[in-house]
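We just call them A, B, C and D in the order they show up, numbering each chain from 1.
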């Protein structure tokens, strides 16, 4: 297995590099923010209550220590890396003293669930349809499906999500248009909660899938139309192997490997789509958490969510990359 | 191809099944006994935190401050259930000594915490002492500055000894949106550090206890206590709703959709267009006014707030010129589609303020003159409010009142004339010059103004700001809007703006006393440029005459009519100096759906409190609400 | 060859419509960000072909200015990022070896990193000084990686061809080889990636503006939808305020997309052959 | 078991142009006989094989003529056979060894799966028994059973070819078509593969159609030989007769150009190059390059004439 180990180490190196660069960008950008979080907290706390002015100075001093804003940028950078290693981004400023990791921990499963389901669905459907369209070239139904699916692909996630919101939330109000599950339903693995979660995930997942399928469809169709001319496919046809088996285990099986790399490379983009879709449907994932954090000027939460997204996306990419050798045995050799 | 056909069929079946099983909004709660209201704080990031005394830790208007918390007194922004002032935990009004250095409070008896422990002076003493000892709590600053000591001669009396004379110290315990709430001693004692104690589930004095809440912070449900008679609103009868849910329904258009589907009984605020759609299409939806402008005027006064420390705005002639360039009719149309209650003077035209201030000052305003450098000019146009009403009558028809008093209450009285000639003269008097079609400051630089607006946090204010910038731009000033979003509060405090659409004037609403905001305008609190400005005097304007008025008010008792006299002097001073340009009251489009509930407050028949759901005073509304038969 | 390619023809027609609307913005009778210049909420009629907004603006003239700004923005981002992806792609492909590995690992980083949070951070940090050009510059610096890899693969195949060796033996420097020899081969690829990149940047612009993360004074498609949401246009029944910008931007996307796809097929001989066979 | 082809015409038709790759070819292959087909590249021999194997995909279409397989218990006319009919005879009666056998096996699956896909539906039985038959068959072809668990890229070129041949012969088909099976191999491996093909053919007694441009391979393998030129059969007969007395000038040239050990003169070169089949020369298509061409060769198409026991040639000058 030496080939696979070498491959694994190389991909791990790449993963580490991505995380390092990404988290660094996030840190320096957030720390260059002109918003002073302490001022933010004070004015939010006193904007309604009738607090007399001298008391404010006292509060400002105590908050500075509480938020750990002491020391210069470099000092905070060193402290920051110690924290990232253990996923502790300190207390969230807009929801003090709850730690950022708790907030992210609560929101992350929703995003991972939504992303995982819609990406897999889009990938499988897109590849299946693309494979069929590539193999049975002159079937009108497939060509129609192709045009439909490719029509959606270039349209940005926001617009598709918005149209779906209007269609199923307002014109024909049959699907829930906000929230992760029905109100007053205890979270747990009982049947009613799961059904409610699925129901609330239909629209966000649908908009992600509609946009995603087109990409995979075209990728697979192009690959299939090339593979069909390969010797092992014509030989299988000459061998009288039945056509569905040829399509599945000869044609599409060979197209899976490049599509897996395609999946790895597009996870970043799909993540962006999820953030926006969550925002439109009020889905309680880290997308809505990030946008709220930015509005509230809560920079430790913004830093936390961005770093976690970078680590999560690159981890997903690493996992997908590791699938590649399983799908294409040839890769181990070179 | 068979594969594809089967796929399509499965997909349609799933969609249809999704539809058929569309569950109601709340599972296993009787919709008829549940009131659903919007919490404008949106998604609460740490929903499990109910310790309202820790600095902005969790949500406040999740129903916590409206239904669960309680304190000595309430002042109603409208007319009040029986009178503006209500003694809640206190049995009577605050008793001050001669020189206002001691305040005694007699407590109401027979009030019990939700866990059955009786409420007594020990809770009050514990609350105040905790705030004295800890810095990081919400009200520790004002308590530490004002309170020297507190003791309780008997279980139902507490005496505050103040460090300095302060005739308005009781305001700290008087609810106008919120106030300093009383902590349960027997619960907080056990917590090591009150700042780190999440107080979940909360033990409360109010008539509702926590039923359940969403770990993602989208909704909070409260349940009426069986022993509601043993709470301070028990006097007014049983609160109608058995359950009250405060939810985050999402952006304005989703709120309108939710109410159209009868999933949201009270909308906190939405865009004017949303309000008009509901008024037209949903028979059961009503605003504060039954007709136009529907919205409830909050006792706050949005205005164009200049940073008066900037060189360009130091001269009052420049501020007056900019005021005369504003056509308030266009601003009202752009922001509220006309549904605005305008005010030329420095107090919001809401609650009882018009009777104490707007009416008496009309005469003075009519013959008020300013010197434009070339002539004496009477800037006040008394008929502006009526003009707006006339402008809307063709499109809105009978929804626009015709009776002048009603028009004055709904649209406001007069405003400053829109007179570009007078503005030109004022600017030239101040040394500004016009080359081509652009204005230049005395030192030759182009006259640039960035109008800071909040963005979609307050859409109505954003639209007003962009219209004002446009009117200044059409005159030749390089004006544009910048969106502050989450940074609004911070930039306002830091003085990091040139002109801003916000408010530095807030009153009790029901009570004529202006100290609620005026006290903080004293020059002692004005921060140096670049330093953060403590609340309310965001324009950083100081004036010796104003200081005299404030100091005199401090030495006058809260209900003394002399306070009103001083208030009118303040209004005349700010009219002359124009430190900020008052625009209109902050009209909140609170919309109430009568499908499941009746007895909502409204301007005409039941002005007993204001319906805006995030106000502490809305607990009184609960006692008036009855399920639809 | 391209004339007969159906996608190309449709793509071109769609884009000409869009460009015509954008060009017509010159004749707009009112400045594009002035409000209440026409009666608000008028449905599409002879006087106002696309109706008017609740802010008293004519939807057609607002749309023409919006699509012009959005296209201008998309084009600037694509232009800058092309330079980056060409430079990095060609050098990595041509020089190979250690440089190639370093460039490509950095390249893969940018492909993987989710860009939206970073862009939101930039807006959040820059606030008032965030001009459209600065946003375009930032997006270009984040959006070159996908195409750099494509261009590198073309450069790799070119390097293996003989004429590169002959050029090198005849004493041409690396940059000369890249510019004079490789560029003509790479241009069709660059054209199709430009189309995709414009799509990508317009998509991001619309998304950022709709969330209010850009300067809401200059009209673009995203800002137009932002203001429509501010006035809850959809619920208030002013459907034309949202339908036309969404429709027009969808046409732009599909047009650009078809151009990119048709150009891809024109470049890749094998897919042209498969077109022959059907 | 015989294969009879009568006046077969197969053309490539695309956007109005017609390439007459196979133009009126007739031949028969008897049981237990290896019939070789020789000719330069673009002589139409690969197109002929494709049509015979029923693999003609647009733009290649059978214009006219017939291809009839008489298997022991059924007859199949390839030009009219239905998909199901083809599926039944494929690999059971008719199998195929392809030209570029380097990657005829599915690169991402183990060799074992190819055997299952191609042969299981004909051999059937429980999987373990099926694999014992396979392993015996491999043994007979001196192939270790472990080869089944390998991926194609893990085998050498020669090994992959042997596996392809094993695969083609595992169902003991009546007729095997081999299209340049040894071209891509080096000489040493080529020798062992050719002997393998001959032994298997002898063992199964199946007929074989062997296509290659390499006359030496034809010499030591095929029983009878057909020479193709520009889409037409120009000469046909027993291999020994053709090598001893080639009649058609083109055949003579092919035999003469074979390198002989010790021969010093360089092989004679033929003027010109094979015609473009889009617009072939009129009459006998070889006449532009034929040293013996006479006027008639340019007008009429020479028919195949019997010149001896099973020896036919299409030439006005050399045919008796």
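As a working rule, a residue touches a chain if its C-beta (ideal position, glycine included) is under 8 Å from a C-beta of that chain, and two chains touch if they have at least 3 such contacts.
Treat the numbers as computed from the prediction; the structure is a model and nothing was measured.
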{"item": "Chains linked by the largest number of contacting C-beta pairs", "value": "A-B"}
{"item": "Reference subunit D; chain at largest CA-centroid distance", "value": "B"}
{"item": "Per-chain Cα centre nearest the global Cα centre, belonging to chain", "value": "A"}
{"item": "Distance from the mean Cα position of subunit D to that of subunit B, given in whole angstrom", "value": "93"}
{"item": "Length of the line joining the C-alpha centres of subunit A and subunit C, rounded to whole Å", "value": "23"}
{"item": "Subunit A and subunit B, separation of their C-alpha mean positions in angstrom", "value": "39"}
{"item": "Subunit C and subunit D: spacing of chain centres that average the CA atoms, whole Å", "value": "55"}
{"item": "Subunit B: positions in contact with at least two other chains", "value": "257, 485, 487"}
{"item": "Sequence positions of subunit C contacting 2 or more other chains", "value": "127, 234-235"}
{"item": "Residues of subunit A touching at least two other chains", "value": "34-35, 170, 294, 297"}
{"item": "Complex interface listing, subunit A residues touching subunit C", "value": "14, 17-18, 21-22, 25-26, 29-30, 32-35, 137-138, 150-151, 153-159, 162-163, 166, 170, 218, 222, 225-226, 229, 264-265, 267-268, 271-272, 275-276, 279, 290-291, 294, 297, 302, 305-306, 309-310, 313-314, 317"}
{"item": "Contacting residues of subunit B [partner subunit C, same complex]", "value": "251-253, 256-257, 270-271, 273-274, 276-277, 330, 333-334, 337, 450, 455-456, 459, 462-463, 466-467, 470, 474, 480-485, 487"}
{"item": "Residues on subunit C engaged by subunit A in the complex (per definition of touch)", "value": "105-106, 108-109, 111-118, 120-122, 124-125, 127, 146, 199, 202-204, 206-207, 210-211, 213, 225, 234-235, 242, 246, 249-250, 253-254, 256-257, 261, 270-271, 274, 278"}
{"item": "Residues of subunit C that touch subunit B when the two form their complex", "value": "33-36, 40, 54-56, 127-128, 212, 215-217, 226, 229-238"}
{"item": "Subunit B contact footprint on subunit A (complex, rising order)", "value": "34-36, 39-56, 58-60, 62-63, 66, 92, 94-98, 102-103, 106-107, 110, 125, 128-129, 132, 136, 139, 141-142, 145, 169-170, 173-180, 182-187, 192, 195-196, 199, 202, 282, 284, 288-289, 292, 294-297, 301"}
